[in-house]
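Across the two complexes that follow, subunit A remains constant while its partner is subunit B and subsequently subunit C.
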Partner chain A sequence: MKHKGQLLWILVPVLMIAAVFLVTLGSLLPQRNQVAVEHTVLYGDPAAAEGLEAVCRTAFQDQLFWDTTIRPGASPDVETSYDFSFKKQVSYYAQDCGFNMSSTCSYDVSYLESVGVPSQPLEDAIADLEAETEIGETKSRRYPLQQFFDNYLIEYYIYFPYTQNRSLLVDIDEAVFSDFFRIPVLPEEQIVITYDKTDYPSEVISKEVEGGFPTRTCSVFTDDAIYFSFDNVTGDGRYVDTSLIPGGYGIYRLPYAKETSSGSSPYYTVQSEELSNCFSLDPTVRVCDLRLDSRQETLFLYTQEGEKNWLTLLRTDTMEILQRLCLSGNEMDASPWYQADDFFVLSDGYELLLFAKKEDGRFEKQLETSLSPSEEPLFHLSYKATMAWDGRQLAITSASPKEENEWVTTAFILAVYDESGLRYIGRYDPILNPTARPEDFNYFCQSPDNALPEIRWEVKP
Partner chain B sequence: MNKNMSVIILFQKQALKAILPVLAAMPVLEGILFFLLTGSLRANGAFWLEDLVEKSAMWWVFWIAFAATCILLLRAASDGTGRPSYSLQRLAVSPQNLFACHLLALMVSFLLLWAVQILTVFLLLSWVCSNPAYSSFSSQSVFLAFYRNDFLHNLLPMEDWLCWLRNLVLFFGLTTSAAYFALPQDESEKKSNILFLLHIAVLIISFTWSLGSNGMNALAILCSGCCSVTILCKIFRKEAAQ
Partner chain C sequence: MRKHMAFFRLIAKSVLPAFAACLVVMTAVEVFLFWHTAGRMDFEKRMLPDLIDESNISFVFIAAVLALYLLLCLSRDSFAGRQDYTLRRLTLRGRSIFFWQFLFSAFCYFILWAVQVWVAFFLCRWFLHETDAAWINGQTLMLTFYQNDFLHHTMPLSDTMGWFREIMLFLSMAFSAAVIRYNIMMRRNRRGEEETPCENI
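Right after this comes the complex of A and B.
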């Protein structure tokens, strides 16, 4: 009996150790998916959001992931699925993939030489200005841009989708593009060169182009080609001459090949020599945006034509026009605030217009309402938003402005509209970060890539 | 009762009696520091649990308790001259069996210290979160604290199985080298005692690694595993030679 009692010296500590591990883990692990969501009604009746489902994704250090499904309504229902990844699921801030044209070059002598443009006229102008500038003086002089080069100097970049939301800058033959996009410098375009002799050594302190040609580019990727266009207007509102571009102004198609060997990152080859104009446009039309549906069958071309904003739907394979639709006057933003396959929304910050697809596949205006019920806006919905349309009501989520003491927030704003206007707006905050402000940024749980919640209306039986 | 079981119980009794004051003092001291800090942080407004753990110097108390445990356990195993105590000498077990029994007793003692630390911090954090005076905590705060704070995460690695494995391998390596340290050794064998000090150093350093340090964890497992195997080989080679 005494010997058995001696065994307690081993059994008791072992049982105590086991009990501590079991009790703590048993108490902590069930907390994994207990994401509490704080809900604040900002306007209206939350019952208007019934039937809606928002999935909010949050992560901590790319290893802990929460998908919190919020079903708003009079009494919001919250359900969270949790996942731990042993390996870091590295997410990078998604760089925009696309085709970019940039004419904001430095106008340096060395740059001109590198792109094969004679630099002597610019060197001469600088030498003259230097000679004219007295010691202790700063002098500026305006020169016609045409004096230095005939065509706008444009740089071209293509960022392809890569692994883990990263984009890949692909080398292209710039000469082919420069030869294709010959856009003569407008005679009104001027460059102001400033020479400074107040300090030693004396030097050119600025070369500023007035107006300039910003070449705002829009592009979409299909599986085998990039479709792109650019805004053909200079900074001071003049149309550039696009007549030297083969096929003129319009939508351009640039084929590419994608190779992916198993387990490795994709590799892209751009077929620059096959660059072509696939849809010509009148040179007085301004291209504002270009979008593609998820099945890559339809291109949405948003344009500004005179005083009106237009949408042209094109078949991607044949570029046949499927529909032309006058959207609004150009007080409204011509680029869509949100684009889905079956609806899109335009806004000017005060009003919203929703166009939805009918059964015959054509788009039609189905909702026009004020964003805010009063002249003074009640809230601010940011440009980055996700939306859902059920044929009667439009739900919008947008990142919530940070509240006092908040550094990072996973909170979002949810608004519901119907033909009568704003029905409900509320703030939802999946509380993963308490309100204090620690120095260490690593404490925060955040949405991967700052993504907004995905929302959808539940299909009613 | 089996002779070996008697040795284990003897070691266990000695070990527990030696470390009991440390096991009692550590949570008391941590609790006092914790309550003092909670009061002062509360006066400054909202705070994070991770701040509380870091600023309360809980980890300092733990490592001091750990060092004290190491010293007390090694002293308890001998009669002060580096030889086994009189009772052990009377039981006349082989040095290898003595090593194995001591290893088990040390393992239980270190695990007990580890468990007491986990229980202390768990109870203190749960108390703060359940206290209505501190409203800025959510139902997940304690769970998240065990991922956000490096010390807490290494103490209780939750779902990070590689960190669990690393802890187990390091604790096994530590107890193996400590048990070897406590054995009577000739001059040539004393060099291996550096492994005991190395294990202590690696254990302390590894508790500063953050979530996702998989490469470092794997390296620690490999090195500590090799050390333990080397010590075990030495012990059993000695047995074979005898």
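Right after this comes the complex of A and C.
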């Protein structure tokens, strides 16, 4: 008996310590998946969103993760799964991968020298202008761009997909590309040089090109090649001469090899010498966008031809035309607002057009409606959006504009459309940041990569 | 077993009063600092993790950890005289003496840790109770234990590595205190043997 009494000396403290930790843990741990979702109806009937499922990912300090599944409807149903990761899962802002052709708008002597173009004409022009400018005045003068170089000076960059959400700039032989894309400078293209002698020391304050080319490139990656094209119009709306490019204007194919054997990060080799035009286009057609389906079988080529926007569906392997479809007039954006494998949506900010794939594999217009039921837009859906189409209804999520006093938000806007127009729009906020003031930045929970929720319609039995 | 427990009680008696005082002082100072800082901070801008940092209660805890260490190592006076004599009469092996000293030190550290967890937990709950409900939600308390480094170290929650780290830290402090104390005791015993013949050890 006395023995037992003595053992209590050890047992009691052990039990007390255990009790303290268990009670505290028991009070804190159940909070981990208690993500409350604040729900505001902005327009219409939330019952229209019945059958939809949105999964919203939120993270804190790259270690705590919440996947909140929201089933909107008259009474939203919320379910959260929580995960803790020992290793920090660092998230980066998703970087764009792609082939990019660009040119500078401001040429200076050292730049011309670095790309191997004689810089004397530019130096002479600047010297002349300096001589003409009186002390105390600023003088600008236009020079034809052709005076300084014959072909557009284009820089080429390829960003390959690297690790998750990161891209890798790969070295390429620029000379091969410069030889391939010989695009003569238009005689109308001008550069404005401004010389300032109002201050000491006097200096050239700007050398700006009006217009400029190229302004836009679009590209897609398959497993073994990059398909790309560019907008063949200068910044002030003139068509450039693409006749010197082997094969002319169109879609270009650049094969590459990817090696993943050495370590986990992939290594890319671009086969520049095999660069070719794989689909020729009339030089008066403007390429606006290029997309690829997830199986890499179909290329979606969005073009502007005259007053109309067109879509050409191409088989990736043979470049055979699968379908040509007139989408809309020029008032619509020629690039899709959202592209999925079996549907895509165009918009001009007021109207939306949805084209979906039918059973025979051809796309057809299936929904045309205005974005907002009133003249004045009720809300703003941003260009970055995720969408889901069930054959009858279109659901759109977009990042919610921040409300007053709100600095970081995981909130999103959900809109549902059908052929009668907007049925419902609501704001959903998985509140993890009740105190979202700028000075609390370290304490914010955010969506990794600022990703939008994934949405899908539940398959109806 | 009886003599082991007797020895355990003997060490406990020599350290517990000072240790209890240490816990009371730590709790009192932390509550005062937290309350004082909360009152001083701009109500609109005070955030719980900031408040914990600015109230410096983590330094009070560190001071308590060090005070306990010194207490465990150096509370030799209590072993002198009558208790020292009792100890020698207990006929314990050196290994057992060390083991009980280590176990007792570990107990003290875990009790200190547990008291700190509760003080921090109740201070946070008190603060959230006083805060405008618009600024908090069902996860604020849990997130605070991740947002604030000090709170996260006292209560690592899902962070298993954190638990391992804290437990190892306190066990090694207890071990080191036991080693020092054992050495001091052995040295004194050797001196004692020369002066007065002793039956055991």
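Brief remarks follow.
Operating definition for what follows: the second predicted complex is superposed on the first by the 439 of 461 C-alpha atoms of A that agree within 3 Å, B and C clash if a C-alpha of one lies under 4 Å from a C-alpha of the other, contacts with A are read in each partner's own complex, and residues count from 1 in each chain.
By definition in this document, contacts are C-beta pairs under 8 Å (C-beta built on N, C-alpha and C of every residue); 3 or more make two chains touch, one makes a residue touch a chain.
Just so you know, these numbers come straight off a predicted model, no measurement behind them.
Touch criterion met: A:Ala36 reaches subunit B and subunit C at once. Touch criterion not met for A:Val192: it reaches neither subunit B nor subunit C.
Of the two partner chains placed by the overlay, only subunit B lies in contact with A:Lys88; subunit C stays clear of it. In the superposition on chain A, contact is made by A:Gln61 with both subunit B and subunit C. Touched by subunit B in one complex and by subunit C in the other are residues 3, 6-7, 9-10, 13-14, 16-17, 20-21, 24-25, 27-29, 31-32, 34-36, 60-61, 63-64, 84, 86, 431-432, 434-435, 440, 442-443, 445 of subunit A. Listing the residues of subunit A that touch subunit C in their complex gives 2-3, 6-7, 9-10, 13-14, 16-17, 20-21, 24-25, 27-29, 31-32, 34-36, 60-61, 63-64, 84, 86, 431-432, 434-435, 437, 439-440, 442-443, 445. Against subunit A, in their complex, subunit B makes its touches with residues 1, 6, 8-9, 12-13, 16, 45-48, 50-51, 108-109, 111-112, 114-116, 118-119, 122, 126, 136-144, 146-148, 156, 158-162, 210-212, 214. Contact residues on subunit A toward subunit B in their complex (touch as defined above): 3, 6-7, 9-10, 13-14, 16-17, 20-21, 23-25, 27-29, 31-32, 34-36, 60-64, 84, 86-88, 405, 431-432, 434-436, 438, 440, 442-443, 445. Remark: subunit C residues 1-2, 5, 8-9, 12, 45, 47, 49, 103, 107, 110-111, 113-115, 117-118, 121, 134-143, 145-147, 155, 157-161 touch subunit A in the complex.
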